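Next up: the structures, one after another.
Both complexes shown next keep chain A, but they swap its partner, so chain B is in the first and chain C is in the second.
Let's turn to the complex of A and B:
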């Protein structure tokens, strides 16, 4: 058995008619104390970064990370974490390890101004090996979220940054830039747009819909 | 029973009972994010049941809370699949997979129902169901192609669950009229679509779908015959409501 996922001893044969709810049935603890066992290795999923679109045609913006074993599962978790509490019309996820990050500038400047120039021959050689699409994200202010500004064609992330400077370098300020190979982004399908429209009338999900203060006050006065 | 009421009670009770069952994973899911995902989908199902009980109320039935919390097991029309205890996660995932594929296809078809208020609700909830199916497919594909243990357990859960899943499509006396009046395409047509839909996903895994013709559906739920697990669920679900049925929430 693989540690923490299964709470029951493996000796119980497919314990279907059983609830984990302690009010329904208590965990079945072994009657005989068991011998010490090996400590199970800790495992941790890799992280994925999530971008969401808050309304049609708006730029995708960074919203936060999730842990997941793979991109498909990261997408599910991202939807749960980041699309249920406010409007969302689309979502992208990318492995954290697939993001190239520039240094940070201050709030008045552009980090593109401090970009080291790539030797021309390096750009040239790389170009010969074939171009790929890269997505570029800008951070306009510290404490805000990175937002998508567009795509460039390049042969490496470094070359993509140079291409981004040419395409978007006149924007000010640019505190930080993320470069992501477009193929590494898992994007929600346009066909599945209706997936993002959750049914209304679910105020019971929000703490704010439980207005109890006046009742508490009344209760205190009566007491 | 009037065909519209008959259909609505089956739809609403399925959503309420499975929604409540799945909510029992709250705080116990295999990992935090999955726990949140499963609990959120359980809440979606309660939301769907509320909309459907709302339609029943418009047709003269009692308030949604009264209908949900004051009936006993023999008065429920859910299929037995929905009332089984959550078991281990393999069973809960397979139930989620088999049930939600049927639900998505059901509500896609109901979007064209001749009963316009139901068609309207169906159009609203099918987006959420699409996500529920995406969630189920993702896990079935992943665990159905993972380790030997994972594949064995998913296969065992599939074989255990299928006879109950076939009870989703149990019909009532109202079936001919439900179809002829254009309320719904009917359970047989739905089952055919469902088989095609689950087969497509299972074909991408190491899991094998048994010949459904050789299985005996565990019927009875639609007629009020339930397993011994439904009444304890209802007692617990309605425990607070029954303390003071007239309380203002």
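Let's turn to the complex of A and C:
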């Protein structure tokens, strides 16, 4: 790359990056980059996992993670990343660290089969106090996405998994289970539903809006 | 966009390190892949698998980010409101693809901080085609149509690979690419069938880009131990040559039908149905991918400026609990 020293308009004394693109030249970037720097830990924030609902009454399904400093921001990023292009009627986000994950089994099997039964006192089932709601998600096949199967009441994540086995253990296959304390999920409000309805206006983002065959045919006839 | 093969820096003679892996775990791992099951992040996996996938997904992510730069600078200059909106949507998609891919790569153990640092410090590669400039709107259209078309060939293949998080990301990405391809094709057809000046502009852009497009899938694979193992592990899903043939088969006829020509006198489909072409200049390719191309410095500088200019926002957001205290006196 050749450097050009611009004297105007900025009269910055170091050689500036030359670009044919006026938008880049105007940035007045130095031709020689500053010293390499490594990002510090958490510069990109912790992660949240995102679930979406594809249509009314469908089960919430896992769509992927986002990096965010807190749950509200995670929700905004998730909305941008995962509902911008596909139909969506609701979204949940949860800190990655708040998810209890079981082992992964083989396709066709159920991880519940390998779950050791814990003694009742350890589960705290005797004590009705301290019971909380947990949301349970199943992965049916490796490479696919976890889907919400329902809620259970329990005193700990371990107890919730036992309760999930009792409630949903007959479903199969179950390759993997995620257990999330319901209070840890930030959920979109039903009242705010209209926030999901922008997608249909933007037809120019759909492959189907580009019909070019007529133009090609006309060109061929004329040529 | 932009799959693995376009950077292809697997050291051909490097050892596979497989002799150091636990043979029982390795056999289970290979049996799982052979059964058609996906690998998930917490599964045991050989070091070589982890390393190659990390590199491949990371480079794919970088290519999405860097690839959005040449098209991004054309948003404000795109002819007409509708094309501005569509160009903007496409660029936004590409940046979103990078986010999905960085996350998939992260599940293999490399942090996002490290990947972004390696990109701006020039340690990681991205698809070499983005080291070339886009001097006209027609050049941007060539990227939208044909570079994305090449990327789709790669991505459709990789979506059938063995690593769960990468497959999940690619499923979403491929769905959006359908729009990019149609949008790009529409733009090119519009120019090629337009006024003589538009047509000339498109032909010249295509001439500029064709050599780079022919290198997009990388040189012929030498069947090294690596290629063989990576294909068995479903990390690499098709050879570079197979991808290039598929691309030529799908797109050369579409280029020719709108009266455009390609700057390679040897390009033709032979009796066996195989595309013949002049061997691309791989020495030049090597020189450019190693830093000496027309836009390498610019791409990195722009990315680095974006990182530096955004730092204060990230710093501010890192302390959401910090509270304003009124001065005392």
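Here is the rule we go by: the second predicted complex is superposed on the first by the 151 of 223 C-alpha atoms of A that agree within 3 Å, B and C clash if a C-alpha of one lies under 4 Å from a C-alpha of the other, contacts with A are read in each partner's own complex, and residues count from 1 in each chain.
The rule is short, and it goes like this: contacts are C-beta pairs under 8 Å (C-beta built on N, C-alpha and C of every residue); 3 or more make two chains touch, one makes a residue touch a chain.
Just so it is clear, the structure is predicted and the values come from calculations on it, not from any experiment.
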Contacts of A:106 with chain B and chain C, given as first, second, both or neither: second
Contacts of A:70 with chain B and chain C, given as first, second, both or neither: both
Larger contact residue set on chain A - chain B or chain C: C
Partner chain in contact with A:197 - chain B first, chain C second, else both or neither: first
Partner chain in contact with A:84 - chain B first, chain C second, else both or neither: both
Intersection of chain A interface sets (partners chain B, chain C): 17, 19-21, 23-24, 45, 66-67, 69-70, 73, 80-81, 84, 202, 205
Chain A residues within the chain B interface of the complex: 2, 5-8, 14-21, 23-24, 45, 66-70, 72-73, 75-77, 79-81, 84, 192, 194-202, 205
Residues of chain B defined as touching chain A within the complex: 24-25, 28, 30-31, 33-34, 36-37, 40, 43-44, 47-48, 50-51, 84-89, 91, 124-128, 130-131, 134-135, 138-139, 141-142, 149, 156-157, 160, 229, 232, 236
Of all residues in chain A, those that touch chain C in their complex: 1, 17, 19-21, 23-24, 27, 29-31, 33-34, 36-45, 47, 63-67, 69-70, 73, 80-81, 84-86, 101, 103-104, 106-107, 142-145, 176, 202, 204-210, 212, 215-216, 218-220, 223
Of chain C, residues touching chain A in the complex: 32, 35, 37-40, 42-43, 73, 76, 82, 85-86, 89, 92-93, 96, 99-100, 103, 106, 111-114, 116-117, 120-122, 133-135, 164, 167-169, 172, 175-176, 178-179, 181-183, 185-186, 189-190, 192-193, 257-259, 294, 296-298, 300-302, 304-305, 308, 314, 317-318, 320
